[in-house]
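Common to both upcoming complexes is subunit A, partnered first by subunit B, then by subunit C.
Moving on, here comes the complex of A and B:
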């Protein structure tokens, strides 16, 4: 296990360097300048700005300077468009916002999606299946930018339960965006759970368990669920990272100062340090949750283990 | 010479063994699946609804090109924002264009984005994931780290770069979406193959001396079809949604052309004064995604080789 974790750590480092390099190359290749604006900047000012941000140096030097700052100082540098902040400060401020909304949303999605999926699989092609599956689909069938304004109009403006937009209001502003975000993931989780459970329920050991006289509930939740959740675990690795790193659409509609919004703004403004920083943050999240997902899968599925009884039979 | 008179007098070699002949012929996986799918009433209804929507969009677009229905991109500034029924069946938009024909044309764009991008991503993802899972070891590690690197690239970044290079182009939209969406498929297929390759039928195939390619694509990949189909049918609506998100960012299909995503976006901007601009495109979009999802579920049940033949 220790060897597995160590080799994964090393691989993760390689991946992060790869991510950094890919963003670097893409930003250098893409046309447009962060300093281009409505007013033309005088040439000597542009020169000063470029040298201030180190953009006048050769590409390999720029590449290495940024990378070594990450590797040795965990420092993302200074953004090109947001004066008075460092990249680290912006991320430290916006990631908790996205992570809170995403975390609550994910819990909501898991808490509703898994039961709906299991129920639908147990009632395959009967009315219960159709009702549960349809419920799960609500969040998938409409774009978030339609659901979110409707939710604001109904729950915030008509019923007055939540603040419509913003972050500083004491009325728990994170609930409504969390639910809207979770609604979307709920559909996927229910679908994947249903598919995995149907696959599991067709296995021979389920028939064995049933023929031995175990109760249906026990077979469903103890024997089948463990196998049936495997596809979901594999899906949840990247999905968790995505949901925690913030949804641009949800953050825009609800006016949340989250990471998703900064990422898209940075890409639009060609703000390379900020974009690199937010994508590296996202990358760390993806790596971590993929790692977690692999460990959980290994633990849940004996077939993935090399040695032991399963291999010797 | 006429050979026909001879044959009736000879006994038909196949006639004595009808049962055996049937067994040898068997039914293909596809035919089996179709027979099972037909039993799932909701999936069949969804299939017909989808066929109907596609046909409606096609016929509507053709009628508009033929001049029977109004042109989708022609502005009538004297007839803007007319509610449904008043001259225009589904109303008109802010530039006086007929919403109905715009929905027809937009549907064709949305469907083609969804299908082409999904096919591209499924093909890449299945091949990549199956090879990584089957070969294993260091090759697998390198291949999956590449997937990890690409995972961390938000889709929007790639599209912004592509679009600023080549201008916004529908083909590029297909390619960009397809090139991003295969990652999850690769991971799913790899996970399946990792678990499948330890089973007896793969050992049997190996001991029969089959080549690696044959084992991967004839023995392993067909067994991953359940999750692949489910994920593919999740991908079509996901791609259509993604296209809508791009429209939200102003990077999708460019005006005056429309997709369902751009129409919904336009509607969402004016939902307080002219609700029909939001309701009609959203409704047909939601029905389509709903049916695609149910059809996918039905296909999943039908394609699982292990599911009972009742």
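Moving on, here comes the complex of A and C:
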């Protein structure tokens, strides 16, 4: 196990350096300057700005300077378009907002999506299945930018249960965005659960369990679910990272100070340090949750345990 | 439907608690109970407490007047800082004394003396002196600060030379403090409009000792901008700054005219347009920064008392790259300009009461009036195109109409495309679409044929619209120049009277509109929503409100 963790850590480091480099290259290749504005900035001022931010140095030097700051100081530097905060501060301030909204959204999605999927699988090709599957499809197909304004119009503006925008009331302002964000994931989770459950229900050991006279509920939730959730667990690795790192649409529509908004703004503004910081954060989340999902799969799937985890991956 | 906690008779069976619907209902009920208080009118409650809630479009780039550039950032700067001259609450053309009680100039308007009031204080209680202004203007022009708006101070003698490092000794730059309460500005050119210029954000003073406590004069990034550290001299001082959340400023007790300041607090929110409109409907804002064009009609019919549409000192136009054939031919440019039905564009597309541009510089009441040279004349346009060698658009090589990604710009570009096809027979025009940053760099590098542009004035004077078309101006970007045009601008600058100056500028603008490196479309209006509690929020051409006069009457 220790060997597995160590090798994973090393792999992660390589992946992160790769991500850093990829963002660096892509940003250098993209047209436009972070300092361009509707009003032209004189050339000598532009030059000074570039040298202030070290953009006049050679590309390898820039690459290594940013990377070494990450490696040795965990420091993302200062953004090009926001003069008041460091990259680390921006991430530290905005990630918790995104993570809270995403975390609650994910719990909501799991809490509704799994039962929906199990129910659909148990009622395969019957009315219940069609209703549940349609519901899941609606969740997937209706884009967040449609659902979010509608949810605000109904629950905030008409019913007055929530504030329509903003992040001021710690008791309430996360609820509506979380549910909207969760709705999308609910659909996916229900469909994946249904597929996994259907496969599980076809296994011999299910027939054995049923023939022993166990109740349908027990067979579904104890025997089949453990196997049926495996595809979901591997989906949840990257999905969790994505949902916690923030949704640009949800944050924009609800006016939340989250990380998703900064990521998109940084890409638009060619703010390389900020973009690198938020993509690296996302990368760390993906690596961490993939790792977690591997561990959970190992624990859930007896077949993996037989051969040893490291060997099977 | 029954719930877990519903009262049931003794001995009755447990209520069914299975199923998703029960769980959902529970969740909704709990959250409903938690947030039952949301229904109240937040904006009305804030109005009672003297807290003004403003939509401001986006996050500030900085809270340092020497580093900001956007309109939204300037709004925040105007609450925190006060310049030598300030903004009149109801008339842009008037000058309101700020830190300077009075000012005068020499006869040829090249030397301006400002007399500072002795009561002006920083938010830490220290007096505001003329030395603070000298420090600020040096900082603004320091090459190492690389202020994006440094060119605003090129009016000062040797300002440009210092900024471009041609001279190193700041004492040669035209700003001096003979004593603590006198500031003398010597200008590069005569400028009767100088007091209008010093209202601008880039001329607001900063507190040197505070800046140096957290870094050096030329550090762009230091902690001085943080709440608690920030020192300013305006009617308000910084209370909090949360990225993508809000900037909150509170009344500054040390402000010399604090008795006149009515509001206790102003909160600036960076909501995006549609979010902001929802926030307004949900009573979270007193004022929206903008209103999407498609919602204007709805408010006009349903709640016209909340909607305002006012002229704004800006021009919407297209730049023409006069180095690209066939656009190098003035007759072609003129034909294109005459074939634009501007009235139809403002009535059917923009729909916010914009005025069809009859010149380039927008007119200002009691001020400069541009020559009336732009009209819709398809017959003349066709004739000109034929003269240029493309009768009925035959063999016209075509070009790309460049816009930055936006539905509104696309609609206008498509209208132009259609008008040129209908009136001139040109079928070979394509619309090129770039996201903002790429768009800007293609314009600056002149890698375009015809490109959308908008220009909002920095100060209330036609110079802000006309200076940019001089040869070599960094905002020109069209490849066009005309010695007569540059000469007329130079002559205008030395005219002793305002009328004489405007006459010269009109002559210059007529040259611009004859040669047309630009295709004017309309003059801006601002549309926004405002609640009736907000008082003294008057229509202003530059939209630069002096927040000390704004009141809330619940």
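Following the convention adopted for this analysis, the second predicted complex is superposed on the first by the 301 of 313 C-alpha atoms of A that agree within 3 Å, B and C clash if a C-alpha of one lies under 4 Å from a C-alpha of the other, contacts with A are read in each partner's own complex, and residues count from 1 in each chain.
Just so it is clear, a contact is a pair of C-beta atoms (placed from the backbone, for glycine too) under 8 Å apart; a residue touches a chain by one contact, two chains touch by 3 or more.
All values derive from a computational prediction rather than experimental measurement.
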Simultaneous placement of subunit C and subunit B on subunit A, clash or fit: fit
First, second, both or neither for A:235, with subunit B first and subunit C second: first
Vertex subunit A, arms to subunit B and subunit C (CA centres, degrees, nearest 10): 100
Subunit B versus subunit C as contact partner of A:115, first or second or both or neither: second
Subunit B versus subunit C as contact partner of A:56, first or second or both or neither: neither
First (subunit B), second (subunit C), both or neither touched by A:134: first
First (subunit B), second (subunit C), both or neither touched by A:216: neither
Touching partner for A:45 - first (subunit B), second (subunit C), both, neither: second
Minimum C-alpha separation between subunit B and subunit C after superposing on chain A, in Å: 6
Shared subunit A surface residues [contacts with subunit B and with subunit C]: 30-32, 149, 268
Contact set on subunit B toward subunit A in their complex: 40, 42, 141, 145-146, 148-149, 151-154, 156-158, 160-161, 164-165, 183-184, 187-188, 191, 194-195, 198-199, 226-227, 230, 234, 237, 241, 244-245, 248-249, 261, 264-265, 268, 271, 278, 282, 285-287, 289-290, 293-294, 297, 300-301, 304, 306-307
Subunit A-touching residues of subunit C, taken from the complex the two chains share: 20, 23-24, 27, 31-32, 34-36, 38-39, 42, 59-64, 67, 69, 143-148, 150-151, 163-165, 220-221, 225-226, 241-245, 269-272, 274-276, 278-279, 281-282, 284, 435-442, 444, 454-455, 474-475, 477
Contact set on subunit A toward subunit B in their complex: 11, 14-15, 18-19, 22-23, 26, 29-32, 124-125, 130, 133-134, 137, 140-146, 149, 187-188, 191-192, 194-195, 198-199, 202-203, 230-231, 234-235, 237-238, 241, 248-249, 263-264, 267-268, 275, 279-280, 282-283, 286-287, 290, 297, 301, 303-304, 310-311
Complex interface listing, subunit A residues touching subunit C: 30-46, 48-49, 52, 78, 81-86, 90, 93-94, 108, 111-112, 115-116, 149, 152-153, 156-157, 160-167, 169, 171-172, 175, 251-258, 261-262, 268-270
